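Two complexes follow with subunit A in common, the first pairing it with subunit B and the second with subunit C.
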Partner chain A sequence: MDFGIQQIVSGLAIGGSYSLVALGFVLTFGVLNILNIAHVQTIMIAPIALALLIAGGLAPGLAMPLSLVITVAFGGVVFVVGLRPFLAHFRPTSNLASFIASFGISLFVENLVGAQLGSDPRSFPIPMPEGLWRIGGIEVVPIDCITLAVVVIVLVALALVVNRTNFGRAMRAVAENADVAAAQGISVERTILLTVLSASLLGGISGLLFAAESYSESPFMGFDYGLKGLVAMIVGGVTSPAGAVLAGLLLGLAEAATEAYLSSTFRDVITFGLLFAVLILRPQGLFVGTTKGVRP
Partner chain B sequence: MALVLDGLSASYGNANVIRDVSLRIEAGEICAIIGPNGAGKTTTLRAIMGYLPVTSGAIVGPAGVRLEGMRPHRIARLGIAYVPEGRGIFSSLTVRENLLVGATPLRASNPAEIGRQLESVLQRFPILRERVDQHAGLLSGGQQQMLAIGRALISAPQVLLLDEPSLGLAPIVRREIAELLCVLKASDDLTVLLVEQDVKLVQRCADFAHVLRRGSLLPRIGMSELADRDWLRDAYLGRHDGSDPDAR
Partner chain C sequence: MDILASVLVPVLIDAIAVLGLYVISASGRLSAGHAVFFGIGGYASGLVSTRLGLPPVVSLIAGIVLAAVVAVVFSLISDRLSHWFFAVATLAFLTMMISLVSGLDALGGATGLYGIPLAVGLKATVVALVLAIGVVIVFDRSRIGRAVRAIRDSELAAQSLAINPTAVRAFAFALGAGFAGLAGGLWSHSIGLIKPADMSIERSLLYLIFLYIGGADLWVGALFGTFLLSLLPELLRFSGAYRLVMFGGLLTVVMILHPAGLITRLELDRLKALIRPAAAARAREVG
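Moving on to the complex of A and B:
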């Protein structure tokens, strides 16, 4: 029984981290209308930056927020220097070209970091609590609890920002109709940049959580975890933030169950099996159709 | 003077859509642009709003500011509000959120005013107050039009560009829109440039009108010429160039 609950907690934890990645994709896709694959590298940059900062002597309490700042800056620079000029030139004619460009930028970043720092995985620089914690009579893995707590806090904060702030309204307005949003006085360019920065923060946080959970990090971890987040985004309905969260959790639970009751070699099979099943049976996504309002 | 177009030409790519368009609207006036489909009426509004490049000519806004080359969000912040064809409300946002987005220009200039302006719009459009927390996509066409206009008015603009507000709406709603425009003309210093196909609506509230035909703007006419259906038909069809109101 305990084992089952541990699996559920573990599944929700990793699933919650997938949700953060997926949300980064959803937010950027909403305002930009392209899938920005370069986003997956924010998952990698945060733990790598953390390792370098701690190796340089910085205390973990300072290194963690600083690694997130570096990740956000990285996301912004890659967008402004790499993707945005490309979009300005090619977007009127081809979304596919923009997507491929973002893919190329992603590979470039990954290999640049790998070349500079070595491609071997290294361990997460901050020791995690060992053993099991006892919470409410249940034994759970500490990092899973920490991850869940962080994910919940981030999701609540994000929901507040998206639904209650001027920036959140601007993001939703631009996602629905950028031309009309501009006529209301909203700077579409600035809204897009802020959205990319927000997505980078989400990616960075998820990267730290992934690296802590597996106790390892590598310059090539971006694609591995990022792809799972992308699957969650698609399964959730591409444009739906709530769908992305639910699909991420579902994916995490499915993976945990597969690892526990089948074998860990089937874990990725389950992920992509779920993706194919959804694309064939309900291509609009599992959770679209439950959102309110009418999309034009 | 609130809005002047001086020899304005604009194009989509290589196709020159409007040529040498000139008009002048004083503060508090309502000017209508009428004309057949494809004449370039929407293009004119979009050119003023900065959505397409101006190939030649000038656009002078309130306080004499030159608008050519400016981006749409900057022009909006200068006090020019645009209600596009088809209303352009944000379906996935609530009525309140649509209005708050419309108040964006105020955020920079006068944030304390936003609450007051929101209240004022809800008072002017009771149906919006009733549905203030509903998603805008659930409103009827006429209600969406009121929301689009309310969203434009909330920032207390000096110039309002309205693109075919009556399109697709029932006669009773068209009357309401005409009455609203008359009230705006009387109460505020609001200057309105109205693109319309519904000549009756124009007659109810406009001060003067121009016919736009195939990218060219004919000289201004009063409401009596508008009432002359034969003259109007001939102007639309290009049988005269609009300079002589007695031409047939």
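Moving on to the complex of A and C:
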């Protein structure tokens, strides 16, 4: 397999999906100051819910938005039950406890789903268009094209929400300084909840894209993809949304190149290789200015 | 191996690895990929005894040393990451090592390394665990052990006392990884093989669960968590699929209600008061 335009598109598609995961982490980390590992399970909930809904007889056009609604509800429940208790008595020591608890939630959810539905991978419930599409003289795999389009739409929508709406302004204010934001009349609680729900939506969309791309889904898929998203978050500089997007794309391209030139066995190796290289050469993150590159 | 040994040996081995995690956690770090050092120790030990034909004691030491050396390098590279992102880096390192080892034919690929001499039984594991506990007790009371905790509590204050955070953290990480390396070596010598699946994310997370439910402040907590959570499901005949559901839920509940874990200094003092009321009362008076 050579590294042509098809592989680049495919790498960008997967990488774009990593970007969505990383963005979910960056947004929640910004307002919560908690790294919520349980967020990786939103990647799994959406395609699993979709499969169940379609098996229940729903049309794909209805099942897809409904599966995202379920994912968002899931994210909200996880936050209220598992993470909100840590906000009430916010101390530096309970920081680590919240992080460990989010691991616990993540394990609880994926193993519960696995025990209930069987842990074997299943195929994505919606058939994908076959063959190749020709767009402007280049042949591309249809799902890569769809994924890339979805990623671009989501990113534009997110940029508009964050930069142009009151919610977006509130989110940035809370991320900057929650106390000052509260003094300006912003409801910190509500902003945090809405941010967590938005992040869950991003996770759910990326989950559907991952499942459609690989044409398979399993109760244990969340962690694998989620870890890539986390690596993209660190490589991008932890607090920078733009950095997370670029790092996700870079990661996707690097993986596609590794698959093309070496073998798919070394695909996970490149993820860590990239993280390692960035940590040594540019510890503040790839796409963060050096002046404000202080790691939290 | 009789029934008792076949149940106890893996638990004792896990206890050694969890003690290692306890040492790392004393430096304020959290290793979510601790099984990687278990795997390094297991593979190094297996390779040294099968390829070079050296006795188990030598191969176990080789496993400890290699795990510690890798840990030092990893620690120095990741030193700027604060605890959450350090944990993520350890996880990423683990997944990389799993795919790397699975892809290397020299290490037996996905099926693993076979024919490792069966040299470790119940007696050897008990001896190893007692040694490990001894090292932890010495560590806790030593100058460097206090330096490790000083770094955790306040890096700035520790630096003002001429403690080098980078070096101290690397030391704690290497010591903890050495424990995991020993555990891995014992494991490969007790069942005769080591495979990539032995260094799984699941194993890493189980170690985290054992430590933080048991209590990460005292080594007794680490042991308590390991024994409680390993033996309880056996006794209750808990179905395998729901074991991790239970553990995950339990971890969350413990972290919310009692983030220090089940065994803390307070619980230990109460226990002492129950056993020897007079001595405890005297200790309280002295303060």
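Convention: the second predicted complex is superposed on the first by the 279 of 296 C-alpha atoms of A that agree within 3 Å, B and C clash if a C-alpha of one lies under 4 Å from a C-alpha of the other, contacts with A are read in each partner's own complex, and residues count from 1 in each chain.
The rule is short, and it goes like this: a contact is a pair of C-beta atoms (placed from the backbone, for glycine too) under 8 Å apart; a residue touches a chain by one contact, two chains touch by 3 or more.
Computed from a prediction, not measured in an experiment: that's the story for all the values here.
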Which superposed partner A:Phe99 touches (first subunit B, second subunit C, both, neither): second
Which superposed partner A:Gln184 touches (first subunit B, second subunit C, both, neither): first
First, second, both or neither for A:Leu230, with subunit B first and subunit C second: second
Contacts of A:Leu279 with subunit B and subunit C, given as first, second, both or neither: second
Partner with the higher number of touched subunit A residues, subunit C or subunit B: C
First, second, both or neither for A:Phe86, with subunit B first and subunit C second: second
First (subunit B), second (subunit C), both or neither touched by A:Ala170: first
Interface residues of subunit A shared between complexes with subunit B and subunit C: 295-296
Residues on subunit A engaged by subunit C in the complex (per definition of touch): 35, 82, 85-86, 93-94, 96-101, 103-109, 111-112, 114-115, 119, 223-224, 227, 230-231, 234, 238, 263, 265-269, 271-273, 275-276, 279-280, 283, 295-296
Contacting residues of subunit A [partner subunit B, same complex]: 166, 169-170, 172-173, 176-177, 179-188, 291-296
Interface residues, subunit B side, partner subunit A - complex: 49, 51, 71-73, 76-77, 81-82, 84, 88, 90-93, 97, 100-102, 104-105, 107-108, 135-138, 151, 155
Complex interface listing, subunit C residues touching subunit A: 30, 32, 77-78, 80-85, 87-89, 91-93, 95-96, 98-100, 102-103, 201, 205, 208-209, 212, 241-242, 244-245, 247-252, 255-256, 259
